[in-house]
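In the two assemblies presented below, chain A is common to both, partnered first by chain B and then by chain C.
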Partner chain A sequence: MAQLRNVAIVGFAQLPVVARDEHRTATEMLYPAVRQALEQCGVGRDDIDYQIAGSTDYMDGRPFGFVAALESMGSWPPREDLHLEMDGIFCAYYAWLRMQAGYCDTALVVAHGKVSEGEPRRVSNLQMDPYYHAPLGIDATASSALQASMFMARTGVSDRDLARVAARNRKHGASNPDNQLRSAVSAEELQNTPFVVEPLRAGYLPPVGETATCLILAAEGKAERLCDRPVWIHGVEHRSELQTLGARDLSRSAGAKLASEKALAMAGLDRADQVDFAELAATNPAEEMVLCEALGLDPFGTRPVLNPSGGPLCADPIMSTGLIRLGEAFRQLSGRAGERAVSGAERALVHGQQGHCLQTNIVWICGTKRRWS
Partner chain B sequence: MRRPVAVVGVGQTHHASRRSDVSIAGLVREAVDRALLDAGLEHKDIDAVIIGKAPDMLEGVAQPEQYLVGAVGAHLKPMLRVHTAGSVGASTAITAATHVASGLYNRVLTVAFEKQSEGNTMWALSPNLPFTPPLVAGAGGYFAPYCREYIARSKAPLHIGPLTMVYARENGARNEYAHLREPVTIEQVMDTPMLWDPIRFGETCPASDGAVAMILASEELARKGPRKPAWIKAGYTFAEAMWVPNRDQVSPKAGQMCARKVYEAAGITEPWKEIDTAELYVPFSWFQAMWLENLGFCPEGEGWKAIDRGDTRFGGKLPIDPSGGVLCTNPIGASGMLRLAEAALQVMGRAGAHQVEGAKTALGHAYGGGAQYFAMWIVSSEL
Partner chain C sequence: MAFTAPPDDAVKYVESLVWLPYHYVAGDYRAVYLRALKDKRILGSRCDKTGKVFVPPVINSPESFAPCSEIVEVSDCGTITTFCIVNIPVIGRNLELPYVAASVVLDGADIPIFALIQECRPEEVHMGMRVEAVWKPDGERQGDHEDILHFRPTSRPRSGEWPRPL
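Up next, the complex of A and B:
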């Protein structure tokens, strides 16, 4: 791997995830997140070279939902800008890539979505092939249930195993003040919740919630001035797969496997379990286990710690769920994780995704030290 | 690292009101196949795919890039989806160029599309905001007051809009891929109904189904290709906030800044002299005069004079939109990429019947939102 530019996460802010923010629009929610992230770095908006936003019109319930976000990002005078119809974690990737190309040294990355104003399950149905799949009425919960069934049939993983993975996430999530669900619940209790779509139970699925998020990236030379403990990017890669549910083995994630192999190689690592913790954007315990298998992580192991934040099961604000994973790695590795700090953590694996059944995956490796000297 | 990037393949569909012969995936695939064929490449040669389109409501598929992974050959490859309103086709291509410039990707496929016949554009572009009755006026209703303001400021005579359309249709008639290919007279344009004063029916873009794709490559690979590449000298994207006191939507600051930045990076000091042809995003006739000023081709208040003199006509001093432009073909999400692709074809010398003789340097331009988003690139026949 050729030498790349050292780029670091230097700031991250999110609003606590809530079921419904009664008093603010999506872009009003974004404003305090941007302010807080800039304040963390001790800079004003004019000190940032580039801005990029992640959101989706269908979740905003209107075309060009992201245009209003320009106000909250401080887009006057005009800024170098881009918007991706993707989770903010993919926006962070493109900001990182622009820094690799030498076009900018600092970047503001935001994500927003007022999930409570829409019908997320219906929108997830509208993501499918409009001619053959969408008319069947399949939404993300239904496709996830197909994936879970296939995974359980292939591996012999039981309902009890799913409950244990869900309980571990709920336990970790209890000490994260930004989570929507902040109570530890036992595996027994979760296993007694009703099926939503068999084999996925109500206790295995995230609540509908919303937030706004802002992450600041800076290249070496600037990063040290914006943050006392920058968190350096060691490797990153993303991969998409075919959507058609019958065209790929849903019980495996070939895309996550390939993306993680490439990201680990860029980071100079051989295996995912060489990190201290991992933040995974899997939205149910079966999906988390499919992902663990692809990445080479043990869902029942103690180290690396999995989802110290509680993961998406405790808060899943669509379009920000991935970016929060990256923000959580920053909070952990820069000593800002409070009660939920993973002791001695120096390196993290971060995962983000979008689409049905882990269709598109991104994997990052971050650390407290610079990757390239 | 920042290294040279070139366009090595271009493919576009035939554009029409209703391409009912293909699905959305089929339409996109048509452009992708043509771009690969043009570059003499196969899917296995492509490192990443960057997709762009305008609002998902236009077709009714949420984040359709996920559904299109197979059609664009992105299985197990990196894929990103861009959306910057009307400018999206152009910003998508610039996003792809960054991938190659970074040194991490050697060949990137970029594709943009719109299949307007799958939905209802006027509905999709008229958001129903809380407590606000929908305007249901679409883009024409939004932009007409700024055209009127331009006329008031510049004292442009009222035939300039129709004349711009006459030139555009002359050009579209030479472009085998254009949607509208019949020449019109100034009287014919003026006889069409006034939709949003001063914009007549005959001065608006059509609603098209269509797609365009390009393959961008590193210098080393571009030199190995079967054709002469178009070198990307500079490409940038800018945006400005909506609610700013005194924000000028006739000549937006983001457009001026973006133009300045691309000229500076491409080493251009006098655009009127140094640029041989430009593909500008002109969805309504009057915008051509407005952009000539906004982009620094003409002094303020004088853009219309260049059109009136015939300088912007095919064969004139600075032919604008030799392909016929958005006024002849408008698959919204693809319209911006068509501008950049047509600019590339011109400097490659492969624009066919609408080739501007001796074109060496060309500008591709697009805008979107409430005249807020701008994306432009300069391409050249020489590195």
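Up next, the complex of A and C:
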């Protein structure tokens, strides 16, 4: 692996995830998150070179809804700005790439979306093609259920196993004050919740939630000045798969597997279980198990710790869900995770996704030390 | 059977109507602004750092990035800073053509709002012209932007400071 520029996460802020913020619009929610992240770094808005936002107009219900974010991000004098209709974790990747190319040294990465204002199920249906899939009424929960059924049939994973994975997430999530669900629930209780779309039960799915998030990236030289304990990027890779659900084996995530192999190689690691914890953007336990298989992680193991934040099951604010995973890696590895801190953690694997059934995956490896000297 | 062209009775298009309902949150700043229109009052917010007043109120100054914590009332009378004469019908409004759309800085504000100018001939409109809001009658105002029917020329003098340039 060629030597790359050392880039670090130096700040992260989010609003606690709620079902519906009645007092603020999407971009008004963004403002305090951006301010908090900048204050963490002890700098003003003018000290950041580049900005990039992740949001979706379908969720906002207005074309070019993201341009309103320019006002909440302090875009005066005029900034170099980019927007992605993707989770903020992909925005972080763009910012990282620009730093590798030498275009900027610092970047503000934000994600926002008032999920409660629209109907996310309808929006996820419109992600499908309009000829064959969308008219069937398939939404993200239904496609996830197709994936879960295939995975369970192939592997013999049981309903009880799904409940155990969900319960582990809920247990971890109970000590994360930013989560929407903050109570530990036993596997038995979760297994007794009704099916939403079989085999997925209400207890295996996150509630609709919203937030705003802001992550700050900085290259070596600047990073040390912005943060006492920068969290360095050791590797990153993303892979997209086919859209047509029938064209791929839904019970496996070839994209996550390949992305993680490449990211681990960039980080100089052989296997995913060489990290201390992993944050996976899986929105139900079956999807998490598909990911674990692809990455080579044990969903019932004790190390690496899986989803110390509680994972998306405890808070799934669309557009921010992935960026929060990266934010959790920063909090854990920079000593900001409070009582949910993973002891002795030095390296993390972070996963983000977009689309139905893990269509697009991104995998990051982060650590407390610089990757390249 | 291989075919090289679609049959005459092929499905030529698929009609797919997208129906996406939204329930927007006004936000506290917009809510207080819209509510005040019912009482014929126009509110803005003042930047903590520069003192500039934004109408309608915003939570932070897009210019200085500082919060705008203080809600202030501005006049319903202001000055035209720029305008255009519209000769084509506008979507959603039934207006007699031509009409004037203008940028009006209300007295006490530092940012213009957009306003329909009526009760004068389009050629009489000029930059620097004084205009005032014409409100819907009492009892008919709903707390939305339609509560101001339009702006019209006025001889009311400017009150307070001349708007500082943005």
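Criterion: the second predicted complex is superposed on the first by the 373 of 373 C-alpha atoms of A that agree within 3 Å, B and C clash if a C-alpha of one lies under 4 Å from a C-alpha of the other, contacts with A are read in each partner's own complex, and residues count from 1 in each chain.
Note that contacts are C-beta pairs under 8 Å (C-beta built on N, C-alpha and C of every residue); 3 or more make two chains touch, one makes a residue touch a chain.
Predicted, not measured: the structure shown is a model, and the values here were computed from it.
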item: A:Y31 touches, of chain B and chain C: first, second, both or neither?; value: second
item: Which superposed partner A:G335 touches (first chain B, second chain C, both, neither); value: neither
item: First, second, both or neither for A:G137, with chain B first and chain C second; value: neither
item: Partner chain(s) touched by A:R45 [first = chain B, second = chain C, both, neither]; value: second
item: Which superposed partner A:W76 touches (first chain B, second chain C, both, neither); value: both
item: Residue contacts with chain A in the superposition, chain B compared against chain C; value: B
item: Which of chain B and chain C A:R20 touches, first, second, both or neither; value: second
item: Partner chain in contact with A:G118 - chain B first, chain C second, else both or neither; value: second
item: Which superposed partner A:G355 touches (first chain B, second chain C, both, neither); value: first
item: Contacts on chain A seen with chain B and repeated with chain C across the two complexes; value: 58, 70-71, 74-76, 123, 126, 130-131, 134
item: Interface residues, chain B side, partner chain A - complex; value: 1-2, 23-25, 54-67, 69-70, 74-85, 91, 95, 98-99, 101-104, 118, 124-125, 127-129, 236-244, 247, 252-254, 257-258, 369-370, 372-373
item: In the complex, chain A residues that touch chain B; value: 2, 4, 56-58, 62-64, 66-68, 70-71, 74-86, 90, 93-94, 97-98, 100-103, 123-124, 126-131, 134, 237-244, 247, 254-255, 258, 354-356, 359-360
item: Chain A residues within the chain C interface of the complex; value: 20-25, 28, 31, 44-45, 58, 61, 70-72, 74-76, 114, 116-119, 122-123, 126, 130-131, 134-135
item: In the complex, chain C residues that touch chain A; value: 14, 16, 18-30, 58-60, 62-65
